[in-house]
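Paired with chain B in one complex and with chain C in the other, chain A is shared by the two complexes that follow.
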Partner chain A sequence: MEEQDQMQSSIEVEEVEEQQREGKRLEEENVVRFLDSLDSYVTLLDSLSSTLRQGWLELASARQSMGASRINGALLDLKSHSAATSLQVTHHDDEILNQPHFTLCKWASSKNGYGDEKLRENKLQTNSDGPQLRHRSQFAGTPEKIPETKGAPLIVDDQVQKERTKSLSMFGTLVSPKLRAAQLSFETALETLVEIANVRLTMLSTSDQVRKELEGTEG
Partner chain B sequence: MASRAQIHTSNSALIAMIADEDTVVGFLLAGVGNVDLRRKANYLIVDSKTTIKQIEDAFKEFTTREDIAVMLISQYVANMIRFLVDSYNRPVPAILEIPSKDHPYDPTHD
Partner chain C sequence: MYGFEALTFNIHAGYLEAIVRGHRAGLLTAADYNNLCQCETLDDIKMHLSATEYGSYLQNEPSPLHTTTIVEKCTLKLVDDYKHMLCQATEPLSTFLEYITYGHMIDNVVLIVTGTLHERDVQELLEKCHPLGMFDSIATLAVAQNMRELYRLVLVDTPLAPYFSECITSEDLDDMNIEIMRNTLYKAYLEDFYRFCQKLGGATAEIMSDLLSFEADRRAVNITINSIGTELTRDDRKKLYSNFGLFYPYGHEELAVCEDIDQVRGVMEKYPPYQSIFSKLSYGESQMLDKAFYEEEVKRLCLAFEQQFHYGVFFAYMRLREQEIRNLMWISECVAQNQKSRVHDSVVFIF
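This part shows the complex of A and B:
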């Protein structure tokens, strides 16, 4: 009888120790996740600063060649129009990360018949196995990913170029190549910003969990 | 710190901006500009004539609009309404402080 009681109590002690180890492991995972997201956040901000600086420089160069009167805020289109670049907001049902997720949709147009929505998945946080389309203009010098469907990439690229041209047209028909370069720089900055937004949410969420765990330990 | 507010999913949410002219123009070139039928834009250009009240009103408007998912605000502008920015704690729209041409990013303020 005593031996049975001793065995029972030792099993219970082992279970408690196992739970404590598991809890400790989860705490450490949260801390590591927080530190990783913080590192990513700082790195991305640095990259964003660099990209924005390039964009501002190109914009200044374009202003110098085209004239200050041709590139200023007074020329902005105040007629009703929809954004060509928008965000898709989805919600993770993850127990650990209960947070929204942003995906950039560049140059997506609902008015055309090709259905060419451009999704730029976040490299740091992707939970979907959906197709990734990356389209860059001829100025970027990077080879484009060609989807399997024949003819589709040319149509999509053409549509993207039309959207880009339409966006540039608020500053005139003939624009400086520097203005086109600035457009690409700010597109890249947008992609970085969406990544920053996702990483920031992860950082805040994990920071919250770590704080709660610390308060639980102290209490 | 993000609170557990109700998060709306959306297929075409906007990016709002409160920043200097060059930054706004640059992002408008990237296609984020939106003007609705009431001629309300999703951006505010801040210059020397912009008042603090105008910036506050724009901030409050953009953070209450359901069609906006992310708001970009130049950090020097955010510093003008710091109490308002710091008291905001919802996950969407996400507020991102960005550097401006004349004011580099300062992590201590973020």
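This part shows the complex of A and C:
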């Protein structure tokens, strides 16, 4: 009888120790995840800074090459037009990471409507509620909803190139390669910005978890 | 052969040639550029420029300065020099001096038309126009819907009227039509200027034909490179090339079919005067091509001052001043963006 009691208590002790080890492992995982996201965040900030610096210098170089009368703010188009690039905000159903997720939709063709949106493949997320489309352009009308689809078709490269050329056409149709390079730099900066937003959300979320665990441990 | 210009040139243009040579002596030197390249702020640039001929134009500008302010004020100096020479000039020098500004006039016309297409305020556009290219009825450009109206309402009474014969259509103005209009006008202007200089004869004809041929060839190369990957067809591209210059006509045939920068290089390297330009660049690179062209242009413009009794010195001075202003713009941008390591990417020393 005593032996059975002893075995029972030793099993219970092992279970408690196993739970404690599991808890510590999860804590360490969260800390590592937080540090990883912090490292990504800092790296992306640095990358954004250098990409923007490069873009601004390329723009100045294009201005010097083409002339100040061809590249200046007075040529920006004030006519109403839909956004060439928009930001999608999706919500995870994940219980652990209940946070929004940002996805950039670049060079969505205004003529073809919704069929030709290009999504970044490694960020594509869908859920049963459908994504809430937010327009980043100040000229857009009421926000639009895209139909529920499991995946969006990709725009072919020449369509993307046409959209890029259309954006630059406010400065003329025969523009310097330096201006095109500046456009690519700012495009890359926009992608980096969205990545930063997502990494920041992850970082804040894991930071909250780590803090809760630390408070729980101290309590 | 020259026509005894030494006997008669100074009667009407001797004073102005002396004036322009004096202005040339006021251009910034390599030492000035080295000082400017070491500036930390735009106010430092203003302080260094206060000791130059730009000093009086910048001295009253309040801090904080902007790069566009520096460029605007330095351009005013160029405009004042030009107006002084123009009001003292007699024919045919006065016509020659007016020809120098037609390029800016074309740029201003395109700026107003493009800005109006984009629903910009006309006053805002007028402030961005180059002062050398202004004319009385320029604001009326905003009412034109197509090129026919543009010509009939406004440009028929301007010096650009003869250049419109090739591009008058009733098509509505859009980005592509405007671009073609810009290049067609500039082509017609260059050819007209070239013919005018040939009529003048003598040293003016010889020196200006070299400078204008280089300008035409450079434009042909830039049009080719800028149109790679666009919807401009080969035939349309070829129509934008001027009908003179070293590339005319066989080089133009080859440039019209180029699809990348290396093919353009292949065409240019067949012409010995342009081999040195591409020798500075590696294959596939086009970023430094502009600087290489500017360096070659500055070399030719400086050589124009080695000879007397011709009008080429006026053209050369104006172009050298414009290059100087471009240099100042680039240095200012690098200082403002805290990218001084890149300042020598685009500065072209004149002396």
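Following the convention adopted for this analysis, the second predicted complex is superposed on the first by the 180 of 219 C-alpha atoms of A that agree within 3 Å, B and C clash if a C-alpha of one lies under 4 Å from a C-alpha of the other, contacts with A are read in each partner's own complex, and residues count from 1 in each chain.
In this text, a residue touches a chain if its C-beta (ideal position, glycine included) is under 8 Å from a C-beta of that chain, and two chains touch if they have at least 3 such contacts.
These numbers were taken from a predicted model, which means no experiment stands behind them.
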If chain A is used to align the two complexes, do chain B and chain C fit next to each other or clash? fit
Looking at A:Leu174, would you say it contacts chain B, chain C, both, or neither? Reply first, second, both or neither. second
Tell me which partner A:Gln183 touches in the superposition: chain B (first), chain C (second), both or neither. first
Where does A:Gly67 make contact in the superposed view: on chain B (first), on chain C (second), on both, or on neither? second
Which partner does A:Thr51 reach: the first (chain B), the second (chain C), both, or neither? neither
Of the two partner chains, chain B (first) and chain C (second), which one does A:Ser37 touch, if any: first, second, both, or neither? neither
What is the contact status of A:Thr165 with respect to chain B (first) and chain C (second): first, second, both, or neither? second
For A:Leu87, select first, second, both or neither according to whether it touches chain B, chain C, the two together, or no partner. first
Partner chain in contact with A:Gln209 - chain B first, chain C second, else both or neither: neither
Please indicate which partner A:Val194 is in contact with in the superposed arrangement: first for chain B, second for chain C, both, or neither. first
In the three-chain superposition, say which chain, chain B or chain C, touches more residues of chain A. B
Could you tell me how near the closest CA atoms of chain B and chain C get once both structures are overlaid on the shared chain, in Å? 5
Once the two structures are fitted together, what part of chain A is touched by chain B and by chain C alike? 56, 60, 72, 76-79, 170
Touching residues (chain side chain B, partner chain A) in the complex: 1-2, 4, 7-15, 21-37, 39, 41-42, 45, 69-70, 72, 91-92, 94, 96, 98-99, 101, 104-105, 107
Chain A contacts chain B in the complex at 42, 45, 48-49, 52, 55-56, 59-60, 71-73, 76-91, 98-100, 102, 105-108, 110, 163-164, 167-168, 170, 179, 182-183, 185-187, 189-190, 193-194, 196-197, 200-201, 204-205, 207-208
Looking at the complex, which residues from chain C come into contact with chain A? 68, 71, 107-108, 110-111, 114-115, 118-120, 124-125, 127-130, 175-176, 178-179, 182-183, 222-223, 225-227, 229-232, 286-287, 290, 326, 329-330, 333-334, 337, 339, 342, 345-346
Please output the residues of chain A touching chain C within their complex, sorted ascending. 53, 56-57, 60-61, 63-65, 67-70, 72, 74-79, 161, 165, 169-170, 172-178, 181
